[in-house]
Amino acid sequence: MAVDEQPLHPITRRLQEVHDELLDDSGGEIRSSIPALQEADPEQLAVALCTADGHLHGAGDVEARFTIQSIVKPFVYALALADSGHDAVLEAVGVEPTGEAFNALVLEEVTGRPPNPMVNAGAILTGCLVAGDDAEARRARIRDGVSAFAGRRLDDDERVSESEKGAGERNRALAWLMKAEGSLPYDVEEALDVYVFACSLLVDVRDLAVMGATLAAGGLNPLTGEQVVPATVDRTVLSVMATCGMYDGAGRWFTEVGLPAKSGVAGGIVAVQPGQLGIGAFSPRLDEHGNSVRAARACRLLSDRLGMHELRPAGKGLPVVAGHERHEGGRLHVLRLQGPLTLRNADEACSALLAARTQLLADGGGWLVVDLTGVGWLHEPAVDLLEETVRTVEDAGIRVRLVDRDRGNSPDWEGSTPNSTEDSLEAAVGACEEEMART
Amino acid sequence: MAVDEQPLHPITRRLQEVHDELLDDSGGEIRSSIPALQEADPEQLAVALCTADGHLHGAGDVEARFTIQSIVKPFVYALALADSGHDAVLEAVGVEPTGEAFNALVLEEVTGRPPNPMVNAGAILTGCLVAGDDAEARRARIRDGVSAFAGRRLDDDERVSESEKGAGERNRALAWLMKAEGSLPYDVEEALDVYVFACSLLVDVRDLAVMGATLAAGGLNPLTGEQVVPATVDRTVLSVMATCGMYDGAGRWFTEVGLPAKSGVAGGIVAVQPGQLGIGAFSPRLDEHGNSVRAARACRLLSDRLGMHELRPAGKGLPVVAGHERHEGGRLHVLRLQGPLTLRNADEACSALLAARTQLLADGGGWLVVDLTGVGWLHEPAVDLLEETVRTVEDAGIRVRLVDRDRGNSPDWEGSTPNSTEDSLEAAVGACEEEMART
Amino acid sequence: MAVDEQPLHPITRRLQEVHDELLDDSGGEIRSSIPALQEADPEQLAVALCTADGHLHGAGDVEARFTIQSIVKPFVYALALADSGHDAVLEAVGVEPTGEAFNALVLEEVTGRPPNPMVNAGAILTGCLVAGDDAEARRARIRDGVSAFAGRRLDDDERVSESEKGAGERNRALAWLMKAEGSLPYDVEEALDVYVFACSLLVDVRDLAVMGATLAAGGLNPLTGEQVVPATVDRTVLSVMATCGMYDGAGRWFTEVGLPAKSGVAGGIVAVQPGQLGIGAFSPRLDEHGNSVRAARACRLLSDRLGMHELRPAGKGLPVVAGHERHEGGRLHVLRLQGPLTLRNADEACSALLAARTQLLADGGGWLVVDLTGVGWLHEPAVDLLEETVRTVEDAGIRVRLVDRDRGNSPDWEGSTPNSTEDSLEAAVGACEEEMART
Amino acid sequence: MAVDEQPLHPITRRLQEVHDELLDDSGGEIRSSIPALQEADPEQLAVALCTADGHLHGAGDVEARFTIQSIVKPFVYALALADSGHDAVLEAVGVEPTGEAFNALVLEEVTGRPPNPMVNAGAILTGCLVAGDDAEARRARIRDGVSAFAGRRLDDDERVSESEKGAGERNRALAWLMKAEGSLPYDVEEALDVYVFACSLLVDVRDLAVMGATLAAGGLNPLTGEQVVPATVDRTVLSVMATCGMYDGAGRWFTEVGLPAKSGVAGGIVAVQPGQLGIGAFSPRLDEHGNSVRAARACRLLSDRLGMHELRPAGKGLPVVAGHERHEGGRLHVLRLQGPLTLRNADEACSALLAARTQLLADGGGWLVVDLTGVGWLHEPAVDLLEETVRTVEDAGIRVRLVDRDRGNSPDWEGSTPNSTEDSLEAAVGACEEEMART
C-alpha cells in the first residue's frame, strides 16, 4: 500500500456520493432575465460542508464561482442586526413567513413593513441598516462583512450588478412602495444600489459552507477565528432562515430537511445545522420556486444521511448519573456524572444531588463528591442549575467537592465554587477522607 | 436543620419564580363565544415542565382543568401520521405557514388543501385521518391516543363540545369549502363532530408538559414508557409546530422563543424543546391573536432563562480529542475522545484517526487504541462515520482497539467491530502490547 | 302576391339574422357538475326581445326550456326590495362589484355582508328577505313573483334542485361563513333550499324577454299589466345588474354592450334597455366565466345593431323651440315647443320663456301662448321646471296660455295651471286676442 | 315691478337651493399630504350645471379654482382613445372595477395590466397613450385636449405638480410595478411627469360642468362647437366612469346617483347625464374614500330632484301612433306618429305600418300616408327599422308618402325614400288623392 494514497475523509466521501448521484439529474432550468446568469453552465454541480470547527470538505465543481444573489440576505440581515441593534432592525422589518413568492408586493398591513428580511423588500431595507453614511460606505461594509463570514475577500460581478440595476423594475416598485408606506426612510436609488451590489458578490460552494459554519458557530468564523457578528445576532438570523428562508416552500423544506437555509437565483444554497456545520451547494438549474433543483436535493440527501434535521427528537443517551457510590459507612457519597450537560441531564443530575443530600442528612450529614470528568458540552443555564443545587446541598451543612479535569475550558464554571474543585476523583475522595479523619 | 424541609428542585424553583412574576399581570381578556369558556376564572395561572426522562415540575394552579382546544391539533396530526402514513397525510394537508388567522378561509390555490394542520381546516381534515371506520371510532382513537401522550385517561367536557357543535359556523363553512374543493372526502358533520370532540378534551398543565415531553422524546411517553407514535412522526409534528403553531405570530414566536409550540383558546400552551423537555402553561386571558398572554410570557421567560431556544448556535464545547499519546516508539497510538458524538465532533475525531493512520504508516504501521469512555450521546450517523474511519485505518493494516465502557447503552454501536473492543484503556493498551510482543 | 305571406316585423328579422349568424358558432362548452344541465342539447340557440309596450319577437328554439339559474338573482332581489324595503335589503347586502367569480368566498371586510346580490352569497341572503314565514312560503313567494315578471306560471325542475341540493358544497360553505359573520340571521338549510329552488325555475327565452321588459317598464309587466314591483325597486335592480351582473367581466360587458344583464349557468342571459325593452337569449355552451358564449354574442350584436348602449351620448335632436312668433305688435308671443321634454330641453324651453317674459315686459307686458302640442315623453322633473317658469312669467303680470292637445296622457301635468290650457293653438291665440280686445 | 330684476332660471335656482342646504354641512376633512392642497379654504362650496346645448348655471364659489386631480383621468382616457384608438387602449388598460382604493397596487393577474383607467396605475398608463413623442409633447396634448373639453385654456398649478413630483412614492411604485410586469412600455419618470402635470391643471366648477356637458353631447363642446373627441370614444369613457369612477364606492354611487362621475382629491367632482348635461361640484373636505363630502351630496341631491338617474325605467310616454284614419273608402290610410323615435316606439310604429299594409291588401291595395311631423329625437337604428318597414309596405304594391316637416334636421333620413316625402299632411293627402283619381 502506498503511503501517498490518502484515503477520503468519510464526510468528503458522503459529499462525493451525493454529488455523483445527482450528476445526471437534469431537472429544472436556468430561470433569469439577467444575461450574466443565463450564460451559466447548467451542468455545474458542487457541494461543500464545513464544520463549526473549521473542517472543510467538498465535491464537484467546488471552484465554480457564481453570484451569491439572495443567499446574501441572511448575512446582510446579520450585519444589520450587529450594526443597528436588534430592536431597531426588528422594528423596521418583520420576521413572519408570508406564503408568498420572494418578490411579492406584500407589506404588513398596519405597519407597511416588509414581512421578513428574506424577501426582496426586507433585504432592500436591511441593506440600509448596515453601518455606513452613504451607499458607498454601506457597500464597503457589506463586502467586508460578508467576506468576514466567508473568510476571504469576495469580489463582485459588475456585469450582474449593472444588468440588474437596469432591470430590477419590480424591486424598484417594492422600494417605492415602502417609501410610500414610510417604511423605507432612505434614498430609494441608494437602497437599490446597495441591494444589487450585495447580490452580485461572487462565491463558490466552499465560501457558502464556511459562511454557514460561521452562523453554526455563533458568528465565529472557524477558519479565521474572527467573531463576525455576536452570537445573539446569529440566533435571530437562523430562526428567520428556518421559517422564511425557502420562500413559499419554507414549511415543506423545514419539515423535510430541518435546516435553516437560503437559496439564490444563480443556483446556490446555504444550509446550517446550528452548532454543527454549514453546507454550500450549487447547480444553476432552478425549480419553479427559484430554488436550485440539484442543490436542494443535495441538502436533502445530506440531511437525511447525516441525521441533520434540527427538530429530530434525540433518542435516549447515556444516563447522566454514571454511578452513585457510598463510602465510609455512608458518610461519603460519590456521584459520577457523564454526557452533555443539557437541561434534561441537569434536571436529573440535580435530582440525584438532592437525593444524596436527603440520604446524607438522614445519616447525620457528611461529604459529597461530584465527578464531572465525563461531562462535556456545558450549557450555561444547565451549569447554573447544577451550581444552585450544589449550594443547596452545602447549605444543609454537607461538604461538596467537584472533580472537573478539563474545567478550564468552561469559562462560566470557573470560580463558582472555588475551594472545592479537584483535578481527579482520587484527589477529591482523598481530600474528603482527610477532612473526615480530622473531624 | 429539619430533615423534612425538602428544598425545591432548581427547575421547580424556576417555574415558581416565573409564576410569581406573572401573577399580577392582568393583560388580555377571555375571548370566546363559547359559554363554558367564558365561565373560566381569569386569575388562574399554572406552569409545568417535564423532561424527556420524565421529571415533572409545576407551579401555580397545576390542578386546574381546561379544554385542550387547538392544542390538540399537533397530537391529532401525530395520530393521523401514525395511522394513515406520512405520504397520505402530507398529500391531504400542506405544511406551509399562511400568515393568516387560525380560522381564515384559506386553502391552497391549486390543490384546495388546507395549508397546514395547525389551522382549523387542517385539523378538521386530520381528524378524519386517524384510524376508525366512523366518527365514534375516530373519537375513541383520539381520546385514547391523546391520553397516551398525556399518560392518563383524559375526560372530555360535553358542555363545551355541545355548545361548539351549535356555534361552529365558521368551521362548518371551512368544512363545506373543503368539501367543495374536493379536499375533504368525508362526511362533513362527522368530521366536525370529531374535531369538536378532540378540542373538548380536559387537561391540566402537567398533562400538557407530559404530552410535550413525549414529543421531545421521539414519541415515547417518559412516564408510561409507551411509544405513542413513531419517532419519524414526531419530527414532522415538531417541524410544523415550529413554523405554523402560533398562527400569524409564528415567525416572531420562533425567533424569540425558539420552541415548537401550540396554543388553545381556553388559555393553554404546550411548548417542546426537542430531545429535552415539554412545557405546559395555562392562563385564560388571551391576546388579540388568541394566545394566552401569561402562558405565552411564561414560555418566553423559561426559554430565556433556561436557554431553550432551539436555534441557539452552541458555543465551543470540550475538544473531542481529549488526548493523543504515542507509546512504544510510536508504534502504539492512543486517541482519547470525549463529549457528545455529534457530526461536528465526529468529523474532527475522524480527522484525528486518519492523521494517526498517516503517522503510523509513515512509521511502518502499528496499533491504534481509541478510547471512547468519555463519549456520550451517540448520534447514529456520527457513529457510522467513526466506524467507517476505523475500517479505513484497519484496511491500511493497522490494528485498532476501541475502549467503550458503557457501550452497552448504545445499541447501534454494539457488534460493529466485535473483536477489538475492551472495557478499559488499560486492558486495550495491554492487549496491544501483548500482540506487539508476539510480532 | 299572396296576402297570407305575412312579412317579418323588422325587429323579428334582426333577431333571425343574429340567430342565423351564430348558428355555426361552436365556442364554449357545457360546464356543470349538475347532471340535469349536462344533458342539455349544446346546439340549442334562441333569442327573444320584448318591448316595454309588450311587443314580443323571437328566433330559434324559442320554446326550449332551461333552468333559470343565476338569472333569477335580480328578480329575487327585486322581490326582496319590494317585500322588505330598500333600507333593510341595502343594509343586509352590498351593491359593490367585486372583481371576483360568482362563487368567490368574499364578504365585505368590516360588515361580513355579501358584496352584492348577484354573487351566490348575496342571492342566498336575498332569498331570505322575500315575504314568507318559512322556506315553503318563501319558495311560493319566489315562484309567484318571478312568474309575475314572466307573465305566466313557471314550473321548477325538481331534478335540478334535487341534484344541486346534494352538490352545493360551496354554497353551503358560503352560507355557513355568512352565518359565522352574523350576516345570515336565518336557518342555513332553509336559505339554501330557497336559493336552490329559485335557480331551478324553468324558463324559455320569451319568458326572459318579458321579464326584462318588465324591468324596462318600471316593474310593470307589459303583457299582463301587473305592477310586479314598484318602479323605485326597479332602478336599484337595474343599477346592480349594470355593475355586478356579469361577474368578473362586468366592466367589459357594460363598456361594450351597455345593458344591465344577468347570465345563468344553464346558458340563459337576460338583458334590459331601461325604458325600452328586454332581451332573452339562450345557448348551453359557456365561456370560462360561466356566461353562454352565443347568448352573450347575441346580446352584443343586438346592442350594436339597434344602438342600445345605455350610455351612448345622444346626438342633437330637433331644437325644443320649434318657433317663436310675435303677434299684435309684440303684445302676444307664441312659443311652439317640440320633442321630448328632457332636462336638456326643459332648460332651453325655460330660457325661451324667460326671454319672452323679458321682451314682453320691455314692451309693457302682454300675453304668452306656449304650444306643447309637439312635446312628448314627459319627464316629471322637467315638467316641474317648466311649470315653475310659467309661474315666474305669470308673476310678472303676463298672461300665459298653454296648448296641450294630448295632455290627458300626462297625469302629472294635469291641473297645475287649470285655467289656461287650451286644446289648440288657434283656440289659445283666439282667447288671448279676445282678452286683449277687452283690455 | 322693476324690469331689471331678472328672475332666476329654475335650474339656477335648484343649484342655489342645493348650495344653500349644504352650506353648513361640515362633514369630512381636507386629506392630503400635498401642501398646496392643505392650504385650501375648507368652507368653499360651488356647484355648476351645463346642458348639452350649452346652457351654463352655477351657484356658490363658482370662480374658486382648484387642481383637477383625478377628475382628469376620464378626459385623459378620452384623449388616449382618440389618439391611439380603441383597440390599442383597451389592450393596454382594463375596464373592470376592482373594489379597491384608487392607489391600490392591483394589476390584472395574467396580463399585468392596470384594471381600469380610473385608478392611478391606469391613468399613468393612459397618459402615455395620448399623442406626443415625448413627455413635453404629451403634456401639451393633455393641456390642449382638456382645455378643449373645458372650452378655455387651462393653467396648471406648478406648486402642486412640483410637490407631487417629489411625494408620489406610491405612484412611482405603481409605475415600476407595471414596468416590471411589462405593461408600461414607457419611461417611468416621463410617465409620472405627464400624470402629475395632468392632475395639476386648474379648473373651477363651471369648467367641470362644461367638460361633463361635452361628454354628455358625444364629445362636442356645446360652448365652442368643437368636436373634442369622437362620439364612440365618449361612450367608452362614460361606461368606465359609471362602473369605476367612484373607486371602492362605485356600486353604491351608481345605484343611488345613477350618473357616471369622477372625483378628485382637491374636492372636485364631475358627473354626466349622457345626452343631457354635465355637473361640476367642489368643496375641499373629503370623506374616507377621498370623495368631497359636499360635492358628492350636491350631485346626489341634484340627481334626485331632477330625476337624472341613468337607469330609471322611463314611464309610459304618449302612444307613438297618435292617429290612424282611413279615407277614400279604405283606400287611403293616414298614420300619424308622435314622440321620440326610440326602439320601443319604432317597434310599435312598424307594427302599425304592417297592420295598415295587411288591411290595405285585404281591401285590394291603396295609399298610405305616414305623418312624422310629431316625431323628434331620431334614433338612427329606429329610423332604419321604420325605413325598412316602409319598403316592406311598398314592396306589396302600396304607395307610401311620408310627411316630415323638419326632416332636414335628421341627416340620416334624408334621401332614403326621395320621391315620397311631403312637407305637410295636407299636401301628402292631396297628392295621394290626385294619384288615386288618375288610376
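Letters are used for the chains, namely A, B, C and D, taken in the order the chains are written, and counting of residues starts over at 1 for each.
Keep in mind that, in the parts below, contacts are C-beta pairs under 8 Å (C-beta built on N, C-alpha and C of every residue); 3 or more make two chains touch, one makes a residue touch a chain.
None of these values were measured; they are calculated from a predicted model.
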The pair out of A-B and A-D sharing more C-beta contacts is A-B
When centres are defined as mean Cα positions, the distance from subunit A to subunit D in whole Å is 67
Whole-Å distance, C-alpha centre of subunit A to that of subunit B, is 19
Among all residues of subunit B, those touching at least two other chains are none
Among line, ring, star, complete and other, the chain touch graph is ring
Subunit B residues touching subunit A in their complex are 1, 3, 6-7, 9-11, 13, 51-53, 55, 94-99, 115-116, 215-219, 231, 234-236, 238-240, 242-244, 248-252, 254-255, 258, 260, 273-277, 305-319, 322, 338-340, 342-344, 347-348, 350-351, 354, 357-358, 361-362, 373-374, 376-382, 384-385, 388-389, 392, 395-397, 406, 409-410
Per the touch rule, the subunit B residues reaching subunit C in their complex are 105, 169-170, 172-177, 179-180
